[in-house]
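After this come two complexes, each holding chain A, first together with chain B and then together with chain C.
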Partner chain A sequence: MAADYVEWLRREGRIVIVGASLAGLRAAETLRAEGFAGELTLIGDEPYEPYDRPPLSKSVLLGMASPHHTELPHRWEIDAKWRLGVAATGLDPTAKRVRLADGDEVEYDRLLIATGVRARPWPKPEEARLDGVCLLRTCEDAADLYRRLKAGPRRVFVIGAGFAGSEVASACREMNLPVTVAERAGAPLVGALGGVIGAVAADLQTENGVDLRTHVTVTALEGDPAGRVRAVHLSDESVVEADVVVVSLGSLRNTEWLQGSGLGAGPRGVACDAGCRAFDFRGIVTDDVFVAGDVARSPHALFGYQFLSLEHWGNAVAQAETAAHNMICHGAERRPHLWMPAFWSSMFGVNIKSVGVPPMGEQLMVTQGSLAERRFAAVYGYQDRIVAAVTFDNTRWLEFYQRQIEIGAPFPVEYPTMDRRPEGRQPVDARFPDPSLPTHGPMVTLSGYSPADQQLVFHPARH
Partner chain B sequence: MPHASMMRQITDFANRANPYPVYEELRRTPVLHEEEDGPYLISSYYDIKALLHDPRISSDAANLAAAGDDALDQTEETGGLPPSFLRLDPPEHDRLRRIANGAFGPPHRPRRIESMRGQMRDIVTELIDGFGDARQIDLVDQFAYPFPVTVICRLLGVPREDEPKFRTWVDPLVASLDPDTGRGADDTDHRKTAREARMQLGMYLAELVEERAREPRDDMLSDLVNSRGPDGAMTMMEVLSTSVLLLIAGHETTVNLITNGMLTLLRHPEYLRRLREDPGLSVNIVEELLRYEPPVQLVPQRTCIGDIEVRGVTIPKGSRIWLVLAAGNRDPERFEDPERFDPDRGDIQHLGFGSGIHSCFGAPLARLETQIALSELARRLESPRLVEDPPPYRQNAVLRGPRHLGIAFEGLR
Partner chain C sequence: MRLVVDLNKCQGYAQCAFLAPDVFAMHGEESLIYNPRAEEEQRERLARAVAACPVQAITADGLDRVGEVREAPDGR
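Right after this comes the complex of A and B.
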């Protein structure tokens, strides 16, 4: 019976994918590549073909790529019905129907949720509306920001020094624009990589001419009579004049449309099992609803089966492929999504990469190179195991450390490594902020063992 | 053991034409240690790949000397030149490689290689035209050797007419990379010749480099000696050992890739035909060749600086390690149907250029040269066939390739 259903589904079933971006596209391609011959519908609220986001904060801001030409290459002919420019507004899993903003309803036999995240807006709406206050998530955001940077503002102000904010600051400096960065924590990238590495990132910024303000929050954005942003007020009572303000306070998961659907969906994302099947709010796994990409939170074997949310490009691709595979195969052929978290960024000419889950680490050891030279590999330890690694301009060693994480290699690292410096002989406190305090942009979040999501962990930033 | 050790079989000249059965047997013991104080031989794809990315595995010539390698460590430190970055660990390796890269590729010289495409095609055309009315050629002497040598000379800024002179120095240096040469009775002779050759080559290049320091031109020697980036400048000695490295690497590897390439295509004529019709296929053909017949068969110059465990075997600190790239390239654990030459395979990957921080510096150049060479040969030779199969091979087990490759054909197009 079940086997027959899968055969039927593969032949003439209806699969609907909500969210037509990286995860949605890669899933659609995998479905076709693996022989799905039925009806495929992609629903996306952006009016564009799927495009790539990482360039938006890098080459696009430098004018090296056009914001409207970062389309994702199609790796496979997918023959799908595209419903672009229309949002899904509701889900009825019993009737197997997705409601659309234009009043339409689309029926499915299996559904993939890939609605990703959006940029967290400035919390005061009247200030957020000021001309010159920008977010950066979509190609339109990037086009707008690029245009404003091109126009040569007197000063750009970046609120939040996570990866996205730091990349924007880097682009500004490359364009020789004065830029101020405000960060609530003691340094940039603290949420993602901890205070020790954050200090390196701080030096990198200040040496490149960024006016970096740490341990401060933004209290207000001030506009001029014409409704343009004019100045930024900080918690240390200082006021900085700026005509472009980039709000870079992390992200919000696009799960509102699932309210009332009965799925385990909320501000932390949509919970799913290792096979990408969504949980309902009671913690029972569903059969016909799958999840992939930034919106998903799924348990990871390497990290004690805690639910993990990742805002990583590579994760979106891998999870989409696994979800698609599992959607159209028999139970025994299903695969778990066991992707090793991996993230890259580049700023101020430095390539930063990490594997594993740095925020899980309590201690840190620089195993190769030196923090002062900003060329190093460092590992994070938690309960005597290596759980993550980060490299600055030392990418080629990362594979080794990934393997160390996979095999649960012991921490501290006792064995000798090439280019080990005296500073790397002893573990130090990695200096992550208290996890109960809100930070923005850790890019990877551990969120306990419960598939249900009734409690809020991400508080709106109180800047 | 009833028969000769695997190490001997690898270096045994009798196996040169087809070493792959030996590698197949070798892979049955993926971590093989045959002699006390001898090297550990690693032959599986995944293990080699992992060790090439392992920060406990050193390329430093000094570590190798300490590990008691009597044949290999001599090449570099002698002859008065410091070791090149091929034989150094970070941070020195990284610094020198970065500076060298500033003279070679992006971001500083993004077009240096690509802009030679036209010149390369001209050289190839000239060499093929040079076959004249002959209906049989030796591909090695008449094409596969002169082509990359001319290219690397132009790239560096070394006068091509001096080639016969420095060839007499390059040959003994390359021979000394063969793990077999040091073992014979004439061990010390070999070493002495290699040391002298290196010194001579260094002195010859020193003159050119000094010229370029005074009067820079658009070539790599000028860039190397005049570079003043964030990593500072190379010392004169560093410039020389880097130039020697580039000159030798540019000489002795691509020749084998081109020759192995024609040999393999003539053994698989359907691909020769397809290449003639579609030069674009040369990209996949070259990648598959680097897997199937890699010019660098093994990397015999690593030591581990701590105990490491590979497949349950502990390799003790200070041991020498041979990474047998050519065996890993045909590892059935990694490749489907590994013994088949198949440029259409979906996931051509290989260890032909190594991997990790020492992965081949010249790869973009070698790829482009071989793509052009093979597609032009395929296009222009009418009904080519092998005169002798297998062809005679060079002695060298590491840099393996035919000494001559006789090709008969009906005419030139």
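Right after this comes the complex of A and C.
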């Protein structure tokens, strides 16, 4: 009977994908490439066909690409019904219906949730509305920010020194604009890479002329009588005049539309099994609802079956492919989502890449190069194993470290490499912030039940 | 023509930046920046860049006329 259902689904079933960005598109392509011949509908709240976001904070701000032309190439003809510019507002998994903002309802036989994340807005709405206060997530955000930067503001103020904020600061310096960056932690990138690597990122910023303020928070944005932002007030009681403020406080997962659906969905994403099938709130796996991309939270075998939420480009692609495959095949042919977490960033001319889950690491060793030269590879260790690696301008070595993580190689490491410096011979504390303290929301959320180590519960920012 | 580079795969060999300098540029030692929307007159150069990438990190559409550059459906 089940086999018949899958055959029927593949032939004439209805698959709906909510979320028309990278994960939604790649899932749609995979469905068609693997022989799905039924009806395919893609629903997206933005009125644009799927476009790529990483260039928005890099090529676009550097003037090399248009914010409105980062559309993703299609790898396969997907022959889908597009419902763009209309958000999904509700889900009834019993009736198998998605409700849309325009009142319409779309029925499905199988559903893929790929609604991703949105930029966390500035928490005070009246200040967030001031002219010159910007976010950077969508192509419209990028077009607006680029226009403001080109107009030559007296100073740009970036709130939050994660990857996005640091990339904006880097673009400002390339445009020769004065820029101040405020970060609550002790250095940029601390949530993603820890304080040791964060210190390198801090040096990069200050050497490139960024006015970096750490251990401070922004207490208020001040506007002029015309409603334009003119100054930023900080917790150390200093005031910085700026006419563009970029709010770069991480992101919020788009799960509100799933309230009342009975799915295990909330601020930390939609929980699913390793095969991308969504859990309901009781922790029981559903049969016809799948999840992929930034909004998903799934257990990873290589990292103690912790549930990982990964806001990574490559995760969106790989998880979408796995989800799509699993949606239209029989149980025994399903694949687990075992993608090795990986991301890249580029700032101040330095290429930063990582594999594994750095925030899981407690200790760090610089295995090649040196921090002072800004050209190095470092590995993170947890419970005597390598769990992650990061490179600054050393990307060709990353694959080696990926294999080390995959085989559970021991930590501390003893590589007899030529490029090994004395500073890397002893593990040091990787200096991640105390997870019990509030943060802006880390890029990787480690959570879930692990009898061996229950204090590894992470507390992301309150919403 | 739309294109995207999988920058997890990219290792900064810079072949694309030599072959299609109006589309791809190195930014620092090994960072790549690129224009995801290449002009039509870049077709030949873009096709060469896609083919020459040592790690096959570039996906472009609209290149069918210049041959076998379309990626396999499960291509990573």
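Basically, the second predicted complex is superposed on the first by the 447 of 463 C-alpha atoms of A that agree within 3 Å, B and C clash if a C-alpha of one lies under 4 Å from a C-alpha of the other, contacts with A are read in each partner's own complex, and residues count from 1 in each chain.
In the analysis below, contacts are C-beta pairs under 8 Å (C-beta built on N, C-alpha and C of every residue); 3 or more make two chains touch, one makes a residue touch a chain.
This one's a predicted model, so the numbers in the text were calculated from it and none came from an experiment.
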item: Which superposed partner A:A151 touches (first chain B, second chain C, both, neither); value: neither
item: Which superposed partner A:A332 touches (first chain B, second chain C, both, neither); value: neither
item: Partner chain in contact with A:Q368 - chain B first, chain C second, else both or neither; value: first
item: Which superposed partner A:R396 touches (first chain B, second chain C, both, neither); value: both
item: Touched partner set for A:A301, first chain B, second chain C, both or neither; value: neither
item: Which superposed partner A:D52 touches (first chain B, second chain C, both, neither); value: second
item: Residues of chain A touched, compared between chain B and chain C (which is higher); value: C
item: Which of chain B and chain C A:T70 touches, first, second, both or neither; value: second
item: Touching partner for A:F343 - first (chain B), second (chain C), both, neither; value: second
item: On chain A, positions contacted by chain B and by chain C; value: 375, 396
item: Residues of chain A touching chain C in the complex; value: 29-30, 33-34, 52, 54-55, 58-59, 62, 64-66, 69-76, 313-314, 317-318, 321, 342-344, 346, 348-351, 353, 375, 393, 395-396
item: Interfacial residue positions of chain B with respect to chain A in the complex; value: 49-50, 53-56, 58, 89-91, 94, 305-308, 356-357, 359
item: Footprint of chain B on chain A - complex, ascending; value: 367-369, 373, 375, 377, 396-397, 399-400, 403, 415-419
item: Residues of chain C touching chain A in the complex; value: 1-4, 6-8, 10-12, 25, 27-31, 33-37, 59-62, 70-71, 73-76
